[in-house]
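Chain naming follows the written order as A, B, C, D and E, and within any one chain the residues start at number 1.
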């Protein structure tokens, strides 16, 4: 059983063109910049808009086939959809909102109410059951939207930034809930802007940019070889566009030496991990071939780590230990030496 | 010049009761769980609802004084408000939305248009200028909402989770923009669920729980002595509720020895930093007095760090280096020894 | 056409100025009208309904033209019969504050006058009478029927109007000024039997022309044919 | 709460002035009418069987009309607002025409179609022996013909403001278009439907010209209160005013009761 | 695009059946009327000066009435929907009463207040020498009195669905209540206002009873097309039908043009 998606669809000025499958039991995270077409993709899968070309099927059953004209409307697709803007039904109480899908499916009122209460309880919203949506806070509304989607026990789940408005603890709770469903035979698609969420919740990550898929892979694959600026940036890595000639990576203002690689000369994207850069008060002696003088533009100390934003000639973010940073004893805006081992720079074709 | 807030107001079942001031040029982050009353607080400051008791003033001018009945409506307060749900005006283009405040303030159409375009350009939304709000993606809509608030050059800014729908790069851009305004004489209140955002953007953090302020302090103060479960959790720390008797902290399933402290015996909250816990394959010999055997429940490798969720008896999160973790050579669900130095546990009265 | 006869009670369509007299007859006991269904509207409306095959036995029109149209269209072979006549008066406010005495006073500059519109029966009668008397009257309004004229007078919006004598008699707050010129005007109520001579319709018409019918009519101010 | 309401309810002055002017415009004539009415003879009129008969008939038919108007008019409004039927503009114009026709002409149109000699009426008569004009259903038809457009246009404007993604959300939860319509769209359009129903009811209650033309004027079956008023006007304007006062009182009672219940809960002050 | 529309526009069958039934109910009488009309004498009627005069007057007065109804009725609707004025339910009932009154009685009410002997009219007459009944403004007053409630109720239902936080956002951007009202609230209520204006215009165009009672009937100043139709009906029904057809054609043209322009852009298919 799997959800197979192969769709082309025009959305305003954006041409959506995606192709991938989601197996039952699998969670796929969709990441990409604002306006990339993530929500539009979910809408096509849900049947709220139809594909211009291509085909969507679940478990062999065709949902949408542009060539044959077959099309199942949303209510005939066994799915649940958490909308980016919640889309709660204003004139129904929270309880009736959560029970809505069950009632629409013919479950008796009393049974639907009970089940709604159960699901609300699981997501931690059982005290909201009698409230009207307009009186909910942002996070409460999102909690209810999640409960409503879970209540019908769908086999395909579409979540559009489902945790954006939740506080840290509710988010952790919701994530745990989400993970606990992993074993079931449900196919899950989750759109998120949160790298940690994508990396921890998903079995695979689909990176969408400007309507097209630029990378599909497991979290560790994507982490190891982020295939675009965006992915690197979202992961807190430093993507650098440059030109490779042999070992030599020229980056405009300066150049770096890179380690062994199998990439042809030409335009490349190089990734520098924040941890792989060291900072020094004096010019370091010894092995690192890539050493340059730079400034510290910003410092961010949180959670016991120190994240430093370097200035020209290579404006990248690096991470050092508090002890290491204190040893630098520089002022902000002070000058330091930075170094990075050639073997720690990963290059790949642009 | 400062914004002085001292307000009591009933919101549904929640009693909002806050008191603090924001100086001109200062950024205050408001953090707190869902439904704590953060949005309600901004609404009182904006004049969308009035205080039941108390007083709000800016630069000595009274905005709301429950005892005297003085009240300035929202349009007479020199502020800008980014709503949690954007609240774009549906029948106006993006450009006209951004120009709305200027037009309302009497700026001529052409000048307002130009200024709207400039502001949109700064936030990276200039290509949306002719679009209707209903055709925007979530992130695009939020970008426009930010631009609209900035366009009128207010002296008090209220931001309600302004970056929640933005992608990583847009978020970084918006944060940079936000920081760049620091030097100006504007008082900023920002509601956020993102600890990094709160810690990096704010001069001070106000923690609100169940309508009341539980802590006010600079980021480093809050980091050093988080005064509630919620704050510790949002910061990725491990807050532990327990009872202190002398050096001995009992936590139900086990107890720990803590270092020097000035706290009286009784109920306390203890904070264990994730970095301060070490993991070992064998029972470690030597100094740490707090050593226990436990399981690894979950592992999250991202951004070069390894975050490990421990199981019973003390379900806390710890962070170790990849090398250190690999040296453990355990399976997930495997058993390990954990240790923490007494001096690295911070206790404070509950 | 098909039989005009109604199924149950006999049905009479009558011009609405006959409301009072016919209602009184149908309320009284032991007249042929006591079990009759009465429907009142303007003569033209009633004619339109009859053209649409309305079930009706007798049609009493205030306007001979409507009867002629029906007969020309073949709705009845029976002879139309004049059952009552009416006259015209000047209706003035109760007490006649402007002391109007004759038709000529209607052309006084201080008198606001309402007339019925040309084209409706009352309007045609009024116009005929005024032109016969060679009196030029400029009304402020041309009302659709006698009711309209009377309402304007009763509410004090105009000072005088020309209406049927019976209407003026039945209205409160209104006095009538009898005018000799009205003698020449022949306002007729014409009854047409639509039952094709089966009897029911003819009975009703005959009752109206009987003594009992005539006294009911004269009681309401109608004149006899 | 009180202080908040005071602030939030701040009425732009221009609005308040014009609004109260409008109130005065409506209230003054009503008051003048009430003063003008010879209340002393009220008991004669309301104990008169003919009046109560007409009153009962009017209330009954206007309510039936309103119900039918909702049953037929809401779907029509939906077609006009939400579907892609070709020539929507033209259909809409045709369906609102009866509102513009002089009521008497509307009655003639009904006679010409549903009358015994009418295009459809003749078929009904020949095939099924059904004759529409004159009995009570004809009153309802006449009222429906002139009053339903008020509901259609009002409700259409309600549907025009779509319920947006909420309807989509309902679909993804497994609700059929019909279920979505009844459970999501209709409730969201409730204020407009109630407004439309009140308009239709009011128009039906006061309907005279089309009724007397199409349904005739038979006591007990087709003589509604407006027709009774018309007849009373023939003899004495004071009687007519009294009869219409009965209608006024009933209308006020119904309007106050009804709007207070249904609309107050949804609309009202935020 | 086409495939999507096909799917999205799926009409619940029950809705479609009822909706088309309603269409038939409206269209059949209109068609029958068109068949019934003696078109051969059309040229006589429309070249008749009296007809064109009445037509001009009707169009003119109904448009003025509609404009005045918007100017006065929208603020009134706003007061009823959004403010906390005491006794809202009662005021609403009073302001919609004129819709329920038989039009002739409505005319009497106007005479009783604004007429020569009326409560207000007497004052106007004595102090300013102004007499309202009979000249053209009286036609507008009569139409306004019976037609404006249609706009008020429709627009009120529009205001009842509030623009929510959007209005609040506008306030925080420095917009005064009046600016918010004109730039945010009104545009959001546009479909209801247009629907209400169309209803009012239609009702005003067809208005007869109140007009002839309050304003009388004088060629050129107060004889509107419905009055001309009614008078023609008294003598010759064919003439009356022809005159009313002139009105029908004009209405269709206006309705198609107007709704197509204004509402199509906002409402329509999503």
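Following the convention adopted for this analysis, a residue touches a chain if its C-beta (ideal position, glycine included) is under 8 Å from a C-beta of that chain, and two chains touch if they have at least 3 such contacts.
None of the values given here were measured: they were computed from a predicted structure.
J.: In the chain contact graph, what is the shortest path length, in steps, from chain B to chain C?
T.: The distance in steps between these two chains is 2.
J.: Farthest from chain B by Cα centre, which chain is it? Let me know.
T.: C
J.: Starting from the mean Cα coordinates of chain B and chain D, work out the distance between those two points in Å.
T.: The computed centroid separation for chain B versus chain D comes out at 55 Å.
J.: From the C-alpha centre of chain C to that of chain E, how far is it in Å?
T.: It comes to 35 Å between the two C-alpha centres.
J.: Would you pick out the residues of chain D that each touch at least 2 other chains?
T.: 10, 104, 108, 118, 164, 176-177, 188, 230, 233, 237, 266
J.: Which residues of chain B are in contact with two or more other chains?
T.: 47, 73, 85
J.: Tell me, which residues of chain C touch at least two other chains?
T.: Touching at least two other chains: 45, 48, 151, 155.
J.: What part of chain B is in contact with chain E in the complex they form?
T.: Per the touch definition, chain B meets chain E at residues 46-48, 73-75, 77, 79-81, 83, 85, 87-91, 100-101, 103-105, 148-149, 152, 158.
J.: For the complex, give me every residue of chain C touching chain E.
T.: 42-45, 47-48, 65, 114, 117, 119-121, 139-145, 148, 151-152, 155-157
J.: In the complex, go through chain C and note every residue touching chain D.
T.: Going by the criterion above, the answer is residues 16-17, 19-20, 37-41, 45, 48-49, 51-55, 147, 150-151, 154-155, 167, 170-173.
J.: Per the contact definition, I'd like the list of chain A residues that touch chain B in the complex.
T.: Touching chain B from chain A are residues 12, 32-35, 38-39, 84-85, 135, 137-140, 143, 160-161, 164-172, 193, 195-196, 199-200, 219-220, 223, 230, 233-237, 273-275, 300-304, 319.
J.: In the complex of these two chains, what residues of chain D are touching chain A?
T.: Touch residues, chain D against chain A: 164-166, 168-177, 179, 183-184, 187-188, 190, 266.
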